[in-house]
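Okay, got some structures for you below.
Here chain A shows up in two complexes: once beside chain B, once beside chain C.
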Partner chain A sequence: MSIDQTAVNRWAGLSDDAVHVDADGLDAYRLNRTLRELAQGSQQVAVDNPRARHNLGIGLEAMRAEIHFLGSVGYYCGGFNAGASIVVHGNAGWGVGEAMSEGRIVVRGSTAWSAGAGMRGGTIVIHGDGGPRTGIAMKGGDIFVVGSVGFLSGFMAHRGKIVVLNGAGESLGASMYEGRIFVSGDVGSLGADAIERPLDGKDTEELVRDLAVVGLPWPDGPFRKIEAEGRLWYFDKHDGRIWRSI
Partner chain B sequence: MSSEGREPETDRTRAADALSMQESPIWDRYTIEEIQSKAELGRYRITGFSLHRRIPRLDDLVFLPAAMTRLPLEGYRESCETKTVLGARHGCAKPLELSVPVYITSMSFGALSWNAKAALGRAASAIGTCTCTGEGGMLTEEREESSLLVYQMTPSRYMLDLEHLRQADAIEVAMGQGAKPGTGGLLPGAKVADRVAEMRTLPKNIDQRSAVRHPDFLGADDMEVKLEELRIATDNQVPIFVKMPATRVREDVKIAAKIGADVIVVDGMEGATGASPELLLDHTGVPTIAAVAAAREALEELGLYGQVDLVVSGGIRSGADAAKALALGADAVAIGTAALIALNCNAPVYAEDYAQLGTASGFCHHCHTGRCPVGVATQDPELVERLDVEKAAERVENFINAMVMEITLLAKACGKGDVHGLEPEDLRALTLEAAAMARVPLAGTDWVPGQDGRF
Partner chain C sequence: MCGQCGLILEHAGPIGQLLHVTEGAMLHRGPDSTGFALYGEVPHEDRVIIRAHVLRDVDADKALSSVIQGMKLVDARLTGEPQVTAGGPDGGTFFRLTAELGRSAAALLEAIEATEGVQVHSMGWRLEIIKDVGSADEVALRHGIDEFVGTHGMAHSRLATESTVDVELSHPFWARPFLDVAITHNGQLTNYYKMRRLMSERNLQFLTDNDSELIAVYIAEQLAMGSSLHEALLRSITTLDGVFTYLLATESAIGCATDRLAIKPLLVSRIDGTTALATEEQALRRVFDTELATEYVREGTAVVWDVPAVSDQAMEVDTS
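Entry: the complex of A and B
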């Protein structure tokens, strides 16, 4: 390969001794195995030519190295992550970090539908926009989005937190349980059973701390806190009018 | 007897009396009760168990054992193979090797008690077959008791992460179930007790309606990627099942096979549930007898019959039902309700508690109330105590052994040295409906309605 690796490292903010793996010619299984082996020894492993392929970096556990995908990735990148630290230098397809329990995924670009679907723990940071249904069915962990999120984000979130700095689409926070959304900027609409509650001092403290940890700025406008009202949690004949159309 | 002031009884008045007590076939007492209960509740009714109407069933088929044209095997002397391997299609390291073609289906912890789950696991292990988690996540006791445990991935993804995925002996991607196709799971608040709430990450005691669509894939193309992801996450150690309700069976089975399922589970409309809107039980899906034939045909048309394994469930009550499903094309059957009944469901004990639910043993379908008198379908510690894990496991083990004896009895009578040798040719139908749905000839004829354009 005739790429100037030093220049690539500089572009991605990697150190000069980052180990490079070429994804071309490795199927997802072999790439995974290679990552596991290399990641025990080095500090940074860079994957060249991800070419927006699906299923990259699946089911990785905590390892010494940070994994860097140098380009966009397809569906389910970092799915079932159990502790690894992954950086995507590009955009990510559907379900980035789905079913993740621990670890951290940073996407420098934007993500497609369902980022963090069902995640139980760990952190996802999206520097561009989050697609529709960001944080759907999440059970824990945190998602931070510098841009906006698409429709139905936070849908049926059981627990965990979504922090969005620049607005959300339609039906934000529909049908949640104990998921929490903090959003700054314009919101298309709130979803079924979603309700805005005032931020208290503890919320603000938490957000200040969170944003400092992930290295994001405090937004220009105020945050709104969106939670579930709980009206869909029980079958109750008095809510027949809501139920019949939901 | 005519006394003063009353007219003498005549044939005419007797007929009039009978007529005045005649039930309307349209507005019968069940319909009236249903309307009045909806008028009270303001919503549809929710119930456990299975459907309430007669449908064509495996019962409508009979075997043609060997006589002159075929040789039977000796009932008690010649052996009949029952071993069943599921999921070898993509060369995973550990396909499921079951000693029998019967296993225990997905029934969630939450719908069932922890003792019920433990007992089912223990029974399955004693037999050498597998059991399945169902949608509520993986219960520690169940994992410990089950030598082979299928982990179900439902749209709600309760507890789903790498740690639990890696503990599974197979993964089942749930696309619905026969009792309530097109809708998600349902768990009434009475059963969302501490442990259930924790495992599902839910507020305690809410009426949980699980999602029906998976959160991160929509169509077949997405799902193909998802199945590959599961294979990578498990390092291709274990098989991937796809479970679906029996609706558009031919099309759905073809899609599942094409996108890479190792095992396809088709759950007929008689498939049971812990809780479902009542109308879905009775008005959705197609019967198991139709589902098996359609699934087999779909796989045959793709040239994948025998490579993709086919499991059938829904209303399998006996070795006879199971043997018929195998003959129609299934590689194995999965049982739910039959195993619960073997545990103790509907057993004639604790009569007062059945009465409190407004029912009696033999009629109970009240799993949704969380007040199961025998400790099977409840989260109340006192009721759960009533189910002795050891004894219950032994009953289920005995029952499955009996089922398998029944299957081999029929197989040997049909001259088969392996239960998987049973074939559609061994069957005849007793009704036109069964003949048309199962694609086997009506008894006494060589006529399969609709086949070769013959109606």
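Entry: the complex of A and C
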């Protein structure tokens, strides 16, 4: 079946001179190399047939082009991203944007477990739901989720910010260090050492600015700010009540 | 790791080939051994299908004739020629028999395994478990999986963790002696020995010390006592302790249950009347050349998908 590329471009919001690469027949290594090469010379690079394969768009650096995956991607898409702008027109598997330091990843669908795991910088925007452990051990950067996030999101976050517009599962923000979570909607429960603190004027100002930048609406309900209370920063191992969440 | 998949077709079709391709895409999750639990077309006659394995150091011809003699003692006469397949380098010999059930499934099983070195992998009106050491491609080629026509089935590639790489310890497991019940499992139980002791007190039997086999028997026992599959799966979530995302198949359905964290993923997709389940989406994409709407099975849930080809047939029988 021949694909009408103009129609595909229109669906994905791409310009007509977007360069297309077919992922079929290229292993992840060769595909990622091809992306680097193509991205120097054009504005938009579109990857056809990602077929939910793993390790797509790994280790990309800041470049001229925006990379579009036209379909769902598998595990670790955009991992180690060091500045590229990536759009996934579908869902993403586990660990999207794992360990990224710079750049932007937009997922039009939902993400599986551990989106942005250990990320150090950059921005991830998830238009669907984030799975469990979204932003686990993140050390910087921002994650925005239009839907909800699963259990243990923000677990052991060191720094950075997670903004969720439509609720979170159990044990939100368990064992965090210094990250911040802003959540609107229902929260299943707060995790070990997580505490709700009132938003101050600066927080609201920051959220208004952030949501405008990533093009998301202000939610209907109020935001709650979840942070670490700090009881786990230094603790007696015998005091298991504090750190055992299950 | 481990990778598992399950497929339910709308009508009987090339279930073996589809599962082979799907499972082949998850080689990286477990290259040690591969197995298939396949449910053939609804039979026209009453005969039970036996899949068994003769260990490497045993004379397969002698073992087979001894098995057939033993079966006669429990009134289980063969209804067709035995099929014999040689295993891999260390794999022994595999055979498939069709027979009358005779006195009971338990008696038939005991009669077959009375021959030393013979171990039954499955018994059922439709279930056939084929499992061997090697990748999905190797096992499928060796055992003619691609030719198998049926309504539903499961496949599993194993990364051995709790026990060694071995044909008998490969998945799927049959819930002996309960006909047509099979399991594939990703995870490991932490209350295995306690469960095993309690179940042994109820005279339940196991071929191996593998935790996945125990789950199959645990569910099958409840089905035999009148529980629905969904009830049994739901109960297992609190009874079993440890990590599990497992698929449990019967002659008319495939169900799944996940522990309260569901760290072992399972995706579900419905494509043109086919229900497809797999650990990874990219495995399903090998078979279905279309962008899929997939969903992860949530933590702490039990779901059952009925086999339409079987329930349609049941309805036809009802109306005639």
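Here is the rule we use: the second predicted complex is superposed on the first by the 235 of 246 C-alpha atoms of A that agree within 3 Å, B and C clash if a C-alpha of one lies under 4 Å from a C-alpha of the other, contacts with A are read in each partner's own complex, and residues count from 1 in each chain.
Criterion: a contact is a pair of C-beta atoms (placed from the backbone, for glycine too) under 8 Å apart; a residue touches a chain by one contact, two chains touch by 3 or more.
Quick caveat: nothing in here was measured; it's all calculated off a predicted structure.
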Answer with first, second, both or neither: which of chain B and chain C does A:90 touch in the superposed model?
second
According to the stated criteria, A:113 is in contact with first (chain B), second (chain C), both, or neither; which is it?
both
By the touch definition at the top of the document, which applies to A:131: first (chain B), second (chain C), both, or neither?
second
Chain B versus chain C, judged by how many residues of chain A each one touches:
B
Given the touch rule stated above, what does A:32 touch, chain B (first), chain C (second), both, or neither?
first
Report for A:100: first if it touches chain B alone, second if chain C alone, otherwise both or neither.
first
In the overlay, answer first, second, both or neither for which of chain B and chain C A:221 touches.
neither
One more residue to check, A:54. First (chain B), second (chain C), both or neither?
both
Taking the superposition on A as described, I'd like to know which of chain B and chain C A:41 touches: first, second, both or neither.
neither
What is the contact status of A:72 with respect to chain B (first) and chain C (second): first, second, both, or neither?
second
Overlap of the chain B and chain C footprints on chain A, residue-wise?
54, 74-75, 94, 113
For the complex, which residues does chain B have touching chain A?
41-43, 46, 155-163, 165, 188-189, 200-203, 206-207, 211, 215-217, 222, 225-226, 228-229, 232-236
State the interface residues of chain A toward chain C in the complex, per the touch definition above.
51-54, 71-72, 74-75, 90-91, 93-94, 112-113, 131-132, 151
Complex contacts: residues of chain A adjacent to chain B:
28-29, 32, 54-55, 58-59, 61, 74-76, 79-82, 94-95, 98-101, 113-114, 117-118, 120, 133, 136-137, 139-140, 155-156, 158-159, 177-178, 230, 233-235, 237-238, 240, 243
Tell me, which parts of chain C touch chain A in their complex?
261, 263, 265, 280-282, 284-286, 291-292, 294, 296, 299
